[in-house]
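Shared between the two complexes below is chain A, which pairs with chain B and chain C, respectively.
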Partner chain A sequence: MNFKHKYLFLLPGLLVLLAILIFPIGFTVRLSLSSWDSFYPALDFIGIENYVRLFTDDARFWEAFGRLSLLSVTTVFLQYVIGFGLALIVWKEIAFQRFFRVLFLIPMMTTPVIMTVIWRTFFHESLGPVNDILSHFNLAPLWLSSETLSKFTVMIVEVWQWTPFMFLLLLAGLLSLPKEPFLAASIDGAGPIRTFVYVTFPLMAPISIGAIIIRLIEASKIMDTVYVLTSGGPGTATETSSFYIFIKGLREFQFGYSAALSLTYLIIMIISFTIIAKILVKLMVRGN
Partner chain B sequence: MSLIASNLSFKPGNEWHLDNVCFEMSKGQIYTILGRTLAGKTTLLKTLAGLISPDQGTLTLDDRDFGSIPVWKREVAMVYQQFINYPHLSVYENVAFPLKQRRMQSDQIKARVMKALQQVGLDGFENRKIQALSGGQQQRVALARSLVKEASVILLDEPLVNLDYKLREQLREEFRNIFSSEASKDSILIYSSTDPVEAMQLGGQILVMDEGRILQQGTSKEVYENPNCTKVAQITNDPAMNLFEGRVEAGRIILSSEIELELPQHCKRLATGSYIFGMRAAGITLNQTGFPFSVELSEISGSETFLHIRHEMIGVVGLLDSVQNFNTGEVVRVQFDTMQLYVFDQNEQLVSSPYCGLE
Partner chain C sequence: MAKIELQNIAHSYNPQSAEQIYALNPFNMTWEDGGRYAILGPSGCGKTTMLNIMSGIVQPSEGNLLFDGVDVTKLSTSERNIAQVFQFPVIYGTMSVEQNLAFPLVCRNYEKPAIDAKVNEVAEALGLQELLTKSASRLTADQKQLISLGRGLVRDDVAAVLMDEPLTVIDPDLKFRLRRQLKEINQKYRSTLIYVTHDQNEAMTFAENVIVMDAGRIVQVGTPKELFERPKTTFVGYFIGAPAMNFFRCERDGDYSLRFGGNTITTQTRLTELSASQLKLGIRSEYIKIVDTIGQNTIPARVKRVEDLGNHKLVSAVSNDLDIKVKVHRDTAIPAEQVHLDLPAENCCVYADEILVQN
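Let's turn to the complex of A and B:
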């Protein structure tokens, strides 16, 4: 057999890669350079017109992007802190340890959309149980219709839903840590808090960075919670980038423009996560 | 300064890990806890460190209750079998760690860390990461970390066991120099080992442990010359002291129908009766006029040969100071040097030794 024929063995994998990755991206790039919408469904060529519109005449996208950054960074931070705390609790030998490990994972096992519907009912301003209880204290917060509070409500649901994922990753990390440095730390005079600061946290840094990045990637795609809970409202108070792209593409059928939005969003995300990862490595690993 | 343990006992399951352990230790001294695997050495060290709470008993240091002080507040340092360090820190940060916990000034920390690193021969390695060091160097870092604390009690739990032979020999020598230096004069050094040669080389006092109990405490010379029971005699010798049963009758030792020995001077006053006799491997040599034994195994170790031989119920190990080859089953003639004979009673307690006989 000709030596060059070895490349034929790469063909199946290459074809799959082309079909599922390269072709969609390539098509999206081409689509973003067209004016394809519901009135003119054709792959014409309009150059970078969509991109010019995005950068000069679409403040709503950038506001949604800012909102997304706030939501994802805040929720992931809270998920990390709470998840780490819970993982530390069940990492130690405590009563009903297995029970608690399963209990903390329950939110992750539920269907996000259904749970968001339940949360929406829960926070319903006139019929929900939360305001029912708060009414005894003469309080009736507008969980879903206040511009500020609705963001907070989205955060609560996101944190509740995804903290168990963080908990799971961090607990696995804690369980894989060597025991010896902890033994040494106790002999070397470090109490529980100092052991956490100087031993547990630094040793967990690589795992923490991985967990934070995974969750940030997931959180930056937040769509279902917003869609079910507030539909981006009130007004555009909880509208995120992905939800805005969804509106442009699948409600207003501006396929060409939403492709340009998607690609811009993708590039920003890649650059952002590269920078975030570098910052986290610097802060958490080298900082130790 | 003295560390006193009274009736320390620890029984986590069905077996005693510590059984009524009592001892008194003084500062500036090296104490070697010698015992086989599972003798309770590590449990004892962990109890002294505060990592294990004994079921009963007390520990006092200078008449202060030492046992109730939490582990992170005790004035102890510990080096383990495994090379235990902080993998995410540099050599300098590893050694400085205990001092930082005490919130010492950074210039004081630096001075003490550099001194400790110099003591263990690691000056110049301050900025290296732990993973970049060899096993011996990692253990030196652990040793430096224990020295830098200037703790009242320094515990070394078989620190050389995971090192290769050459490195073990080298570090053992260095350990002895470090421990006998000025830096250690205010500390009680407790070293655990399974190796009697190591224990003897370190000098100081030896505490022989078995099944959670301290069988004998004394200087290395005392323990070597007069092991108080058969277990101590076996634990403190490598290979273990040969033990064989026999009778003393009419001024002779009768080991079997074919083997009778003259009573040596230090055993002249032994009463008639059954005894357990002990003899180190070096006391059993080949001689054409000796008793017939068949070879079970011959082991060459360096320039010596350990010969495992048997005659009826008597199985012993002899030490030949040359390299010799033997076939299994080969009959050799063996002589017992009765001047090196130990005698134990039926309760396995020492009756007579070459150094403390019954004349």
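Let's turn to the complex of A and C:
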């Protein structure tokens, strides 16, 4: 039979795909080969000049990338550890189990930008309640204007906001585990630690890897928290790749260069996540 | 290993209610030390509940459980010293086979030389020596199930090894091998093995004693031969054997005779004082013979269908609107239509209100 007419049915979907995915990527590639900026808004062709500039004359991008790696890896690790701990607590039959399950999810239900404004108020160095309390102990940390501490502040907000997401995925994973391995471990005489190390953690490995990768992808796009909390400051102390691309593209209007930054960032991310996923599988799914 | 006694054990999921619904009705049972038992019954009959009560996963709502005379009803699973093999193989995937087998002993703080000696002994008995250093997760389903069993056998203090449909995920050809290995293990270690299954072949070929359950009740306990030849209820007759036992509604026609479908059949069961509302004659298809001549216990029948089942033939016949199944050797010549079926008196079982009449 002739099935050529099937392309007719595929066409609407393909057109939508082309419009929303292929075209923007293609246009970004083309844009990255141009010098389009606010002074010269035209799609000229300058070859790989933007990429040469990025690799030879833009330490700020690479510093922002290093900072992003530190922030995302640290926050996701903390989110995983805390989220797993909370999930383990409410997984078992405990008093007020439902109440705690909902309580732990509240941060995720709030609007990130609004919550970051509230956190900024908390950590305000002269007017915020945190330093007000700490002043009783003669402490006045510079939560937002210290180069080191500002990174820590961003991490606190990120961990608070997104640990519930990790908690939710891991709790769903725990609830779906078969009960037989736990019964077998109990019959074998394993205590809670051995049961966790040899049963719970290995069984949760595939779910954990999925949750970590999802959060790493999200965390690598961190923008709103930094924008509202520190605006990348003090100086560039909390500036991440996406925030730097935002500055170049939408503040300095260097569209051609920011397109080159975006594409480079995208490729690095794809490679990084492939490697990270492989490392996680090797580390967490032992024996398979 | 230990003698296990279940005294008035029952389990209800609504014990506080005035009208309790029992998953397992009250019963008494003793599992002898070193015995090989199978609990057989259809899905939902309470066999896994019974097993879980013994392992401590389920607390019975009534009765006591004794291991060698010691009441363990309130003890947790880990305190009961039992081993359990589940339907799906449970192994520690991050460990080697050796580490898996050693795990129960490691958890009980055994010395390394003692662990090594016991692991090697059990590995040899189960034929796992070659695989000791391999990752347990890389093994086949039957090998994994042997590891599950091995973890029970390495312990000297195990009262019984409980197996909950352990061969469900095993290929048919490996099932036979594994069943044989289980029997050998039982003989070698004199371990009490309790095996739950809904597969009558597994139960009959594995166990010395089979416990048949239905709707939360134990309906018969006996050897495979007893279950086959003298089913205590019509349910057992239907459930055990392939095809199921032939049952015919009948009426008493003398001290030892029954009448059904216009035929009179003599049995070896005395029916004189029987006052049941409903009588049934039961006979296995294996015991019915196709004969040429009319005899004392023969009935005329018409051959409806003959199915070739490999090593035997299954003849479906009709006698006065009654369907009769007859199992004959594959070489037996089957007459075209009209035949006579011989129902030997010694193989005829009489059921009064679905219960076997015994005298």
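Going forward, the second predicted complex is superposed on the first by the 284 of 288 C-alpha atoms of A that agree within 3 Å, B and C clash if a C-alpha of one lies under 4 Å from a C-alpha of the other, contacts with A are read in each partner's own complex, and residues count from 1 in each chain.
Here, contacts are C-beta pairs under 8 Å (C-beta built on N, C-alpha and C of every residue); 3 or more make two chains touch, one makes a residue touch a chain.
This is a predicted model, so every value here is computed, not measured.
Asker: Determine, for the superposed arrangement built on chain A, whether chain B and chain C clash or fit.
Answerer: After superposition on chain A, chain B vs chain C: clash.
Asker: Could you look at A:P141 and tell me whether it touches chain B, chain C, both or neither (first, second, both, neither)?
Answerer: Touch status of A:P141: no partner.
Asker: Look at A:R194 in the shared chain and tell me whether it touches chain B only, chain C only, both, or neither; answer first, second, both or neither.
Answerer: After superposing on A, A:R194 lies in contact with both chain B and chain C.
Asker: Let me test your reading of the model: by the given contact rule, A:P202 touches which partner, first (chain B), second (chain C), both or neither?
Answerer: Both partners.
Asker: Given the touch rule stated above, what does A:G210 touch, chain B (first), chain C (second), both, or neither?
Answerer: After superposing on A, A:G210 lies clear of both chain B and chain C.
Asker: Touch check for A:L183: first (chain B), second (chain C), both, or neither?
Answerer: both
Asker: Does any part of chain A touch chain B in one structure and chain C in the other, and if so which residues?
Answerer: 178, 180-181, 183-184, 186-191, 194, 198-199, 202, 288
Asker: Where on chain A does chain B make contact in their complex?
Answerer: 178, 180-181, 183-191, 194, 198-199, 202-203, 205, 285, 288
Asker: Quick one: which bits of chain C touch chain A in the complex? Just the residue numbers, please.
Answerer: Going through chain C, the ones touching chain A are 55, 57, 76-78, 82-84, 86-88, 90, 92-95, 103-104, 107-108, 135-138, 148, 151-152.
Asker: Spell out the residues on chain A that touch chain C in their complex, using ranges where they run on.
Answerer: Where chain A meets chain C, its residues are 178, 180-181, 183-184, 186-191, 194, 198-199, 202, 286-288.
Asker: Chain A touches which residues of chain B in the complex?
Answerer: Those residues of chain B that touch chain A are 49-51, 71-73, 76-78, 80, 82, 84-89, 97-98, 100-102, 142, 145, 149.
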